[in-house]
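What follows is a pair of complexes built around chain A, which joins chain B in one and chain C in the other.
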Partner chain A sequence: MHGRKAYELVKEFANGDKGHLKIFNNELFEQVIEECNEHHNALQSLIRKMQEEGLEVQTARNADHYGAFIHHLSLIRNKRCLMAYVHNRAEIIRELAWKVGLLHELPGEIQEKFSDLEEQYFKDHSKSLKSYMSQLSLDVNVDMVPPKDPYIKVRVLEDLGSGIILSDKSANFARHSMHFLKRTDAEQYIARGLMEELTG
Partner chain B sequence: MANYYNIDDILAEEEFVPVVFHKAANGVIIDPSSETNSVEQGAKVELPLWLAQDLYLRQAISISVPACFNQRTRLEIQADAACVDLKSRSPYFYEFGCKIAPLVGDKTIEILLLSAFKIRYKEILTKAYTAAYTTASKFLTLLTKEESNLYEAAQVSMSAFKKWRMGGPRLQRASVLGRKRRSFE
Partner chain C sequence: MASGAGEWSAEQIDNYETLISTTDVELLKRAWRNEKASPEILPFEEALVKRAKEQIQLMEETVDDFAESGHDPLIASLYQMDLDRAQFLLRSYLRVRLQKIEKFMFHIWKMDTYRNRLSIEEEKFTERCIRDIGKHLEETVLSKLPDNYQSVLKQSIISEEDDMVPEPQLDTFVVAKCERATRPLYLDGSRQSASFDSRQFAILTCL
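Moving on to the complex of A and B:
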């Protein structure tokens, strides 16, 4: 049936949890493109047939015309499905850059799900974000939740060691240790699940 | 074209509608009963909405009302809209209905959709706030995509309100990473 594979591709995206990436389904993606080529060939051969019969392709309304029209619609439909798949994934990828971290800060299990082009896209997006932030000399991806206090208490959930230097101090971030940090410093580690905020 | 990239809009247009061909078409494998790869004039086939829509505008086919808006569904909705299993009829019952109504020229579909939605909307919100998860899960299987979005939205706003009232950590692990370790609720 026409457009069935493209439908499966979109359906697979829709079945995933909202805002979560799955592995890029290259196989199905290629199959849809292959189907597009088939439609294109069928479309052209029908038009050629009409021309051979001496008909005006623009105005003739015979069986070949409607056949070609159906192929044309299927092509457009497949294109829309492919575009939507890529577009919606790109939206999630941009969101990752904002919410989780730029470039090398992204956990490996998420990066595995990117296709090569998506990886490049993520890198480029991170780069432009970074250069924008350095121009402004302001981190625009922190304080997404309006702050109540510039400092917060956090507990480290995973061993981070002492290699991290924050803007106002460096400490040994051993697992389960508690720290009083600048909110803007801690935010990215909380977002990545490496620290948690303590209250009360 | 506003919904060009909209996943739900794409999926809603994949619903099948029964059509009759007024014009023959060559070189396409659409009619499963046909032996050649063409469609005869007068052939009755089921086409996805996205294909039927444009063929209808070219007056190549006529569309009849799809099975999910038949008399039986209407009677069930009249009896008690909140208990009808709309998801099995079409997970995009409302969107599909809105798209198909102008094509089949049936004004009653719009009235049906509106009255069904009004009654069910009230029920969904009540259930979202009150029902325990175990009883709600049975009810959830009856909901269309749009309705379950509403249900989730109601629940999220409820839990956000509770969190705001109780206080608690305001920063947390980004939701895009998924829920791998403990939750912060």
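Moving on to the complex of A and C:
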């Protein structure tokens, strides 16, 4: 079936949770690429056949021409699907670069969903963002939500110990302990999932 | 005013609003609002951003001074709050722009109208973005495809125009607030004219 596999690939992405990545489907991806090359071979052999029959490839409108045309369109469709798959995944990767890439390594459970090239892209894009910020000498990845209060209440989700010194004090950030911190200090830990904000 | 101190005449309100609307915070707020609501990237407010950055720095110094001198902590935290809000506005403004660039980088880059709207830093960022995603797409997909189908911008070699570039959808609605009363306007090429009063809201198509 023309284009069936590529459709499955895109469908798989579209069915996933918004903003979440599944493991890069290398097997299906390679199959679509393979299909592309088959289309291209078929296309070329049809064109060769037309040339051997002495027909003008540009103007002739026989069965072989339309056959070749179908192969061309199938190839383009496959390309669009492949590109859409990679492009949309790249969009999520960029989002991750905004959220965590500038400060730290990605958590392992996200990283294993990436292909090797996506991992590289993640690093490249994080670097681009960083270089923009350093040119401007302004961090644009903090203050993601409008500030209501300079201080917020947070609960520590993972044991951070007392090694962390915030701008105005140091404290023992044991797991499940609650603190009243400057929002700007707490934000980076919240982004990494080490603390959560208590509201209400 | 005969009506009492609590009530202001329309003229006074107008005057007050004109005055307020010329402060940098208000200008930045407007730029931010416009940028957030518009589907395409708008001209970069270079002078305004520069002023805002300077003022924020000044505020930071003031707050630091307060903290050092042991000034009334309440006053200090009020200043801090104001500072936080200004910083959020500025960062969010820049962030919204970057996110638009990330989304439509190829489109912005090839159209001079859009490209000229970028700041120098944004231009560099766009360039890097295009390089990164270009490399990524190239290595993941394009290099594995047949020769004539390897362009990032075109579906195949026979496409005359760039037909693989995501573009912002301009054919959409925006909510607009009228700054001043207008003469009757003919919008959308329609025959019916509409005039808008000051501070009236309207939903219009973007184009």
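Here is the rule we use: the second predicted complex is superposed on the first by the 183 of 200 C-alpha atoms of A that agree within 3 Å, B and C clash if a C-alpha of one lies under 4 Å from a C-alpha of the other, contacts with A are read in each partner's own complex, and residues count from 1 in each chain.
Note that in this section contacts are C-beta pairs under 8 Å (C-beta built on N, C-alpha and C of every residue); 3 or more make two chains touch, one makes a residue touch a chain.
Computed from a predicted model, the values in this text were never measured in an experiment.
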Chain B versus chain C as contact partner of A:C36, first or second or both or neither: second
Touching partner for A:D149 - first (chain B), second (chain C), both, neither: second
Contacts of A:L117 with chain B and chain C, given as first, second, both or neither: second
Most chain A residues touched (candidates chain B, chain C): B
First (chain B), second (chain C), both or neither touched by A:F180: neither
Touched partner set for A:S131, first chain B, second chain C, both or neither: second
Which of chain B and chain C A:R80 touches, first, second, both or neither: both
Shared chain A contacts, counted only where both chain B and chain C touch the same residue: 80, 83, 87, 183
Contacting residues of chain A [partner chain C, same complex]: 33, 36-37, 40, 72, 75-76, 79-80, 82-83, 86-87, 90-91, 94, 115, 117-118, 120-121, 124-125, 127-129, 131-132, 135-136, 138-143, 146-147, 149-151, 183-184
Residues on chain B engaged by chain A in the complex (per definition of touch): 4-8, 10-11, 14, 23-28, 30, 38-39, 48, 50-51, 54-55, 58, 60, 167-178, 180-181, 184
Chain A partner contacts - residues on chain C that touch it in the complex: 53, 77, 80-81, 84-85, 87-88, 90-92, 94-95, 98, 102-103, 121-122, 124-125, 128-129, 132-133, 135-137, 139-141, 144-146, 149, 155-156, 164, 166
Contact footprint of chain B on chain A as seen in their complex: 1-3, 7, 10-11, 13-14, 17, 19-21, 42, 45-46, 61, 63-64, 66-71, 73-74, 77, 80-81, 83-84, 87-88, 92, 95-96, 99-100, 107, 110, 145, 148, 152, 157, 183, 186-187, 190-193, 196-200
